[in-house]
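Next, two complexes with chain A in common: one pairs it with chain B, the other with chain C.
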Partner chain A sequence: MLKLLSKFGKLDRRLVFALLIATILIPLLFSVKSHFYVDAATKGLYDYIDNIEPNGRPLLLSFDYDPQVAAELDPMARAVLRHCFAKGIKVIGMSLQPQGDAIGEGIITQVSREFGKKPGIDYTYFDFRPGGYIIMLQMGTSVKQALPLDYYQVPYDSLPMMHNIHNYGDIAMVLSLAGSTWPYSWIIFAGTKFKVKIGAGQTAVMAPDNYPFLQTGQLVGQLGGMKGGAEYEQLIVEAGYYKKPGVASKAMSAIAYSHILIILLIVLGNIGYFVSRQLEGSK
Partner chain B sequence: MKKNIPLAIVFILGIGFIIQFFIPSRPSQSIFNTMVEWDLILYVFASIIAVDSLIRHHVIKISRKTKGWGYSTVYLGAVVFMVLAAVFSGTREDSFYMKVFYYTLAPMQSTMFAILAFYMASASYRAFRAKSLEATLLLISAFIVMIGLIPQGAAIWSGFPKLSEWLMQVPNMAAKRGITFGIGLGATATSLKIILGIERNWMGGH
Partner chain C sequence: MSLNPWVWIAAILSLAIFSYLYKDNPAFRFAEHLFTGLSVGYYLVLYYNNYAIPYLITPLTEHRWITLIPMALGMMYLFRFIPKLNYLILIPIAISLGFLNGMNIPLVIEADVLKQVQGTMINTSMLKNIWDPQNGLIAGILILLGVVSSISYFYFSREHKGALKVSANMGIWFVMIGFGATFGYTVMARVSLLIARVQFLFTDWIHLIK
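Right after this comes the complex of A and B.
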């Protein structure tokens, strides 16, 4: 029996991979529904966006990510856009990453069609311009100078919703979705210098880095990983802004079971480790 | 001359921007706007240098037939292919270039990232062993955070999500804040050394 237990500490990695595939696939195939505990960071972001006046100052949504983290961040973008469009909040879309540009345009177009929103009137999606923090600084004095053309090459002055938007003072908040430290740059170059409110949507790996900024109020809120997206989906469904939870809630069920598997594996690994030590000691 | 002019530029601009930041007057704002435009131009030229350096690196690897040179040919081929696709089909929504992006590049990048989950699962199974007090504390914290994140955790005990949130907002934040202060102080010290000409490695080690 002890020998059998000691083997738990040395499971073949292929077995671990196979178990992980099973725990991810089964909940995805059978659509297991879950109810999530909404953490303070998600609630903070939701409440801030929910308090933006319809048809007032727009929300700036920056798609600062590449396809590799899209699985985690796309659902957040969709949930936030659904919240905004359902509430009548205008949205300015942009990207500081060359590859994020196409991703953002695809998502904003898709979600705007769900709500019958029109480009240039209810939302604007700007074309990518290189520069990163320079673009952030430039927007502090002139959004038009930083982003002269929208994605479809329409000049800034021909976009009706941009007529009264001059700088950050005319924007309700900036929400940066990123798998890297872009939100940190937004805090420094836009939040601290021009006093615009900043929110973040980050991958689960990056999210813990932002807790100091959440506590100081430099971030109004944050969506952390797939769970953040699932929580936001739950909040907009509960508030009646959207009919059913989206991809994040479904994916989160798969992630939940894979977490349980990892916890079980760690317990088994430790049992195997202690039994092996006991066996070695008795020899 | 080659040494003093760059040092003088860095000193004048470094001190100038510190002053500019704290005096938000009209002339100061005008200088700031001009410098931001210059910065953008420099950024574009830096990008050109980066692309040139990357291509040069792979061409050298191929010409010297160093280990893995085959991957360099694939890389350079892909670069040329994407550039030609962008030039001839454009980069709008329905273009061939965007189709390659959506159906080839994006899935490949997503797959690479997804594979990490398998390595992380395997690594955490092997690495999380209660070998010492510190390792045990780390193990327990990881347990609570993981179980607090999932709905099943709240079903077992309603306190798990709150405990998980507390771990993230208090001990994790204290550590992160310490690291951030360290990085900030280090960056400030290095910047001052560069502005004052004490640190000169950026000039190629002169």
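Right after this comes the complex of A and C.
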């Protein structure tokens, strides 16, 4: 028995990978559903967006991410856009990452078509401008100066929904979706300096870094990883803004079972390690 | 199965990358080198179009000669390769640092220091809902204890004895809980990426998942 237990400390990594793939694939293939609670940070962000007046001040959605983290952030972007368009909230899209530019345009176009929304009237997607912090600071005084052209090279003044937008004072909130520290930069250069409300959608790796900012109210809310996306999908479905949950919700059971497997393997690995040490000591 | 050739290319390259999980092999190395080459080429074009053209080439063709100053400063970084003039790279570095610090320091002090210190303090509004996990009194006491004890663990000017030892030991527990939460999130991130790839292979490629 002890010898069998000691083997768990030296499991072949290929077996671990095979087990992990199986635990992910089986729930996806058989559409196994799992229940999950909605985090306070997600609810905070949802409530804030839900309270934005339809056709009032727009939401600024910044796609500050690259394709390598799109798996986690795309579902969040879709869910937030569906919420906004269903409620009649206008959206300003932009990106501080050169690769995020095309990702954002693809998503905003797809979701706007679902709701029959028109570019320049219900939403605007701005062309990428390099500069990061400089763009954030510039937008505090003049959005037009920071973002002179939309993605399709239409000048700022020709975009009807931008006529009354001059600076952060005319924007309801900034939501930055990122796999890096862009939300932190938004907090510093837009939130702290210009007092605009900031929300974040972060990859799971980055999400814990933001908890101090949530606790102090510097962030109104946060979506953390695929679970954050799934929670937002659930909230908009429950509120009747959208008919069915998206890909993040479908992935939740796979996440749950794979985590159980990982915890089990960590426990077994530790038991195996201590048993093998005991066996070596007795020799 | 998908009839889109791009989906097939993406699927085959994904499998080539996954093959590394079994062991290193030529299929993995091909996909790895292809990815690196494509990324470098893509970024080169991206930076040229988004940085060099609008901020350097266009202004110069429009005779805005002031652009020559930042251009010269940027090019000074190349003195790194001339040992005798090596010291000249300090000029652009000093300007960048001065600019960034001037821009950052006042805002960082407000957002990272003042607000965070304020967030650690216990105030009377916490008495309204003692058990609120975010703004209740219990949460406030825990945050205060966690911050003070964690900082005391990193105080090395005195030997950890007596009250400092108790506090430092408590700090270790808070730090470990923080690491645990971060590790849990990290595992979720990696698993999420794997799930997305599996979803792509079984949904977009072989249409097995509806």
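Operating definition for what follows: the second predicted complex is superposed on the first by the 283 of 283 C-alpha atoms of A that agree within 3 Å, B and C clash if a C-alpha of one lies under 4 Å from a C-alpha of the other, contacts with A are read in each partner's own complex, and residues count from 1 in each chain.
As a convention for this text, contacts are C-beta pairs under 8 Å (C-beta built on N, C-alpha and C of every residue); 3 or more make two chains touch, one makes a residue touch a chain.
Quick caveat: nothing in here was measured; it's all calculated off a predicted structure.
In the superposition on chain A, A:Lys195 contacts neither chain B nor chain C.
Look at A:His163: by the touch rule set out above, it reaches neither chain B nor chain C. Of the two partner chains, chain B is the only one that A:Pro67 touches; chain C does not reach it.
Looking at the shared chain after the overlay, A:Ile187 reaches chain C, while chain B stays out of its contact range.
Of the two partner chains placed by superposition, chain B and chain C are both touched by A:His259.
Of the two partner chains placed by the overlay, only chain B lies in contact with A:Phe36; chain C stays clear of it. Contact with chain C, but none with chain B, is seen for A:Leu25 once the two complexes are overlaid on the shared chain. By the touch criterion defined above, A:Lys7 lies against neither chain B nor chain C after alignment on the C-alpha atoms of chain A. Shared-chain residue A:Val247: touches chain C; no touch with chain B. Of the residues of chain A, those at positions 13, 17, 20, 40, 68-71, 99, 130, 137, 208, 212, 214-215, 227, 255, 258-259, 262 touch chain B in one of the two structures and chain C in the other.
Residues of chain B touching chain A in their complex: 29, 32-33, 36-37, 39-40, 43-44, 47, 93, 98, 101-102, 105-107, 109-110, 112-114, 117-118, 121-122, 124-126, 128-131, 139, 142-143, 146-152, 154, 161, 165, 168-169, 172-173, 176-177, 180. Taken in their complex, chain A has these residues touching chain B: 11, 13, 16-17, 20, 34-37, 39-40, 66-71, 99, 102-103, 105-106, 130-132, 134, 137-138, 141, 208-209, 211-212, 214-215, 227, 252, 255-256, 258-263, 265-266, 269-270, 273-274. Across the complex, chain A is touched by residues 21-22, 46-47, 50-51, 54-55, 103-104, 107-108, 110-111, 115-116, 118-119, 133-134, 143, 178, 181-182, 184-189, 191-199, 202, 208-210 of chain C. Contacts from chain A toward chain C in the complex involve residues 13-14, 17, 20-21, 24-25, 28-29, 31, 40, 68-72, 98-99, 128, 130, 133, 137, 187-189, 191-193, 203-205, 207-208, 212, 214-216, 218, 224-227, 247, 250-251, 254-255, 258-259, 262.
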